[in-house]
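Structure, as structure tokens:
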Amino acid sequence: MMTSIEDLAARIPDGARVALAPDYSGVSMATVRALIARGAKDLHLIGVPSVGFQGDMLIGAGCVATLEAAAVTLDEYGPAPQFNAAIKAGALKMIDGTCPAIHAGLQAAEKGIPFMPVRGIVGSDLLTHRDDWTIGHDPFDEEDGPIVMVKAIRPDVTLIHAPLADCHGNVWIGVRREMMLMAHASRNTLVTAEEIYDGDLLADERLAPGTIPGLYVSGVAEAANGAWPVGLFGRYGPDDAHLRDYLQRARTVDGFASYLDEFVHAPKAAE
Amino acid sequence: MSTDFAPEELLIATVADMLTGLGHVAVGAQSPIPGTAALLARARSGGGLRVSMLGSETHSPFTDGGRELFDCAAQGRIDAFFLGGGQIDGQANINLVGIGDYPETKVRFPGSFGSAYLYFLVPRVILFREEHTARVLVPKVDFVSAPGVSEENTYRKGGPHALVTGRCVFDFDDAAKRFRLQSIHPGHTVDEVREHTGFNFDMPDDVPETPAPDASTLALLRGDVAEAVTERYPAFAAKVFGTVNAA
Amino acid sequence: MMTSIEDLAARIPDGARVALAPDYSGVSMATVRALIARGAKDLHLIGVPSVGFQGDMLIGAGCVATLEAAAVTLDEYGPAPQFNAAIKAGALKMIDGTCPAIHAGLQAAEKGIPFMPVRGIVGSDLLTHRDDWTIGHDPFDEEDGPIVMVKAIRPDVTLIHAPLADCHGNVWIGVRREMMLMAHASRNTLVTAEEIYDGDLLADERLAPGTIPGLYVSGVAEAANGAWPVGLFGRYGPDDAHLRDYLQRARTVDGFASYLDEFVHAPKAAE
Amino acid sequence: MSTDFAPEELLIATVADMLTGLGHVAVGAQSPIPGTAALLARARSGGGLRVSMLGSETHSPFTDGGRELFDCAAQGRIDAFFLGGGQIDGQANINLVGIGDYPETKVRFPGSFGSAYLYFLVPRVILFREEHTARVLVPKVDFVSAPGVSEENTYRKGGPHALVTGRCVFDFDDAAKRFRLQSIHPGHTVDEVREHTGFNFDMPDDVPETPAPDASTLALLRGDVAEAVTERYPAFAAKVFGTVNAA
């Protein structure tokens, strides 16, 4: 169960469908850097429901073929530069969704059902571009209008960062339960944790309710500050100066390359 | 008198008035003015209004992860929400995806978020976009993230209530499926609104001025509300109210 | 928000659809006794997914018209005597279900969708007797076989007992999250709590993940030992001697009446 | 030799053998023998087998409420489960609802629980019913809580693997859709099994005796496993192993 960050990155194969949490949840930037360092290719990222810096970096580094999300957002830092550049260059297949449909697709996978009805969406142009969404009807009320059905979303891997994990693979995520859903819906879940908890998270009645059982988890690596430069809920905020520097550099090809050199390749080479 | 308050304070007070009497208002990420308006409405409600701010660690009441806001809306437990748009058109369609012929967008926006859903399920959706230009307020959006109106047999419990911009307030007329100019902010004119609005809209013969916040509203806003908003939007609170986050 | 047990019982009107937790979860026996004392009638109980002693007592006391559940079980104590007597007498409409279909129906209500697909069930006689279940198909795979669709279950009231609640209506249920689902799916949730927590349960990062937000809760009453004679997870076990005495008495009409006299009506009259 | 172990110990060892090599076994409520068998298989697996016991506060790995077991099974994460039945018939249909013409049942059982679902989704379902009588093992159940076999186009990832009773072990033959007598417990006979079984079944010419648990199995069972089972089933553990719950 316990392994290294590099091993986690090695266990996300090229072409894998990888579920990622948004920046306000648990973001394993440590593993994202290791994925870039190993030259991951053709990933299909699934933002649950959006992606932030990790998406922008992976896209810029050429690791991503497809991105499925309700949004790509760096929140107050403004538009995502490498995402926008890739869209402009036609270098990225974007599957635009909406938050509740992504949650519903994952819940369908969680329940092992092929699809799930979702409210709203009818009349949105999103629907026209999705062959994994369709219009159906309530079988109990013929009079009822159209209802959208979304196909189950079953990621190969969920990659997240959490405040605590134990050696049994139990992972404490507190109230950030989109990560619970992701773990249930995915074949494998790989986790970096701020701290390794000495004991069994499921044995503490106050920790267990916020814990993903080890049953769903296939690898855990310790990574203090593993969400940096993004923040981790309840632990630390984003590194504002670093992110502004990233934003500045990521506007150009050379600037982005210099960022990767400094923060991805150089630390790796120095090991 | 119109110099006694900041433009943001007018917008906050205007939006807050639209929340009077409601039970639960949710506010999305990156929404300092709607968020502050919700907190002001809460302060005036005597405990009657619940405010859920996404991305806030102290104002979020949710414990079921990212889906809970959406489930909660579908349960009918959220009375008002705010949406914006890179483009908004005269039928209240909103575009959060991009300009141009999708998927080959010339300008890409972040994405639709939950708009394609919440617009249908929250009874009172207030469209808020401070930038009031013909670039934003267009005749027809290039991509409908979420439609302003739906066919009759569509399950739709909510939709556009009003559109608040930096220049004016539009009401949305459900029957006519059009916006109607409700008031113009102090210092702005009908001609200016017309010039910067890309879609046609209705208007009364005599368009009133958006009411200025009164002294007690301003006192509340600059006191308890400013303090409450500082946790979530420190930069905004510092700029508008001069507050400093003690945390 | 804070009120009395009698007031909770008064706020469950005759004919209400009431969701109840199983005996290993959070069972508000204190309110069940108050419901019997106030002479509640025509209740439609929904076991999530089964009911135990509270169901047997309410049925025996004549409070129940309809019971919807995957099972009625007193676990190791044996068959439920008043339930069995009511079935034999044709005095109870029983809607037989299966656990995951009850959860799915509640999840549909939680999501505001009219129905939810559920795996399995095809070929079970349960299906023949349910007009709120039907067979459908996966719209994304015409070749796929039949799949059962269950109609949303939206209870009027969820009635539960929990270890902790606070004055904001937040209710700590730990890992017993069927009660979270019940609260989300129901119009109102009424709660007795072992203890009133002095503070805000949502403000503690270790308590919040196991907490039903006050948003869903319409009334809370303090009830120390409120699950008695049934147990409460993590707090106390069942009162074995008392339950065996109940089982003995509940085999006969007179015995059951003497039980109610002693434990429901007499304490009420003594107030 | 057959007097060296209790009848329950034979059943436990027999069921445990059916769990060899699996990754995750779940055990429902009120299942002391299957539960003990799972704990024995876990003890022998060298950490390879995970056991989830419903209603146990120390052996349950679930944190998503009552639905998680079912979701987990549908995700393909549970390899074996146990079901019983007030009636079980020769096509492995099980009846947990009642005897008679439903809904007017003459004898009412507790209900179907999750059987109508788990029987389809768990690859190896072991039917366990200690009482082996013609009252239980019937030609055709009065009510099908969960069918033993399904039509070909049915989504079915699992089904009956074996039926273990107090007298014998039946395998289920998927192709023939019938039970086949696999072994008879020491002290019992084929004629006796035939007499007390209401359905027809196949059998080899020579029916072997159910293997007795060996010394190392008995040692493990009476040591660590007995201790582990005492938390969940104190009365059962005390009766079979003479253990006392220290808690």
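Residue numbering begins at 1 within each chain, and the chains themselves are lettered A, B, C and D in the order written.
Criterion: a residue touches a chain if its C-beta (ideal position, glycine included) is under 8 Å from a C-beta of that chain, and two chains touch if they have at least 3 such contacts.
Given the structure is predicted, the values throughout are model-derived calculations rather than measurements.
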Minimum number of chain-to-chain touching steps separating chain B from chain C: 1
Furthest chain, CA centroid comparison against chain A: D
Inter-centroid spacing, chain D versus chain B (mean Cα positions, whole Å): 59
Chain A and chain B, separation of their C-alpha mean positions in angstrom: 29
Chain A and chain C: spacing of chain centres that average the CA atoms, whole Å: 37
Touching two or more other chains - residues of chain C: 104, 107, 111-113, 118-119, 144, 147, 175, 177, 180, 208-210, 234
For chain B, residues that touch 2 or more chains besides their own: 62-64, 70-71, 74, 121
Chains grouped in pairs wherever the two touch, ordered by label: A-B, A-C, A-D, B-C, C-D
Of all residues in chain A, those that touch chain B in their complex: 22, 24-25, 48-50, 69-73, 75-76, 79-80, 83-84, 87-88, 90, 94, 96-101, 103-104, 107, 118-126, 129, 144-147, 175-181, 233-234
Residues on chain A engaged by chain C in the complex (per definition of touch): 104, 107-108, 111-119, 132, 134, 136, 138-141, 144, 147, 149, 151, 173-175, 177, 205-210, 234
Sites on chain D touched by chain A in the complex: 24, 50, 52, 58, 61-64, 70-77, 121
Footprint of chain C on chain D - complex, ascending: 29-30, 55, 57, 62-67, 70-71, 74, 96-98, 102-105, 108, 110-121, 143-147, 150-151, 153-155, 235
Contact footprint of chain D on chain A as seen in their complex: 109-113, 180, 184-185, 202-203, 208-216
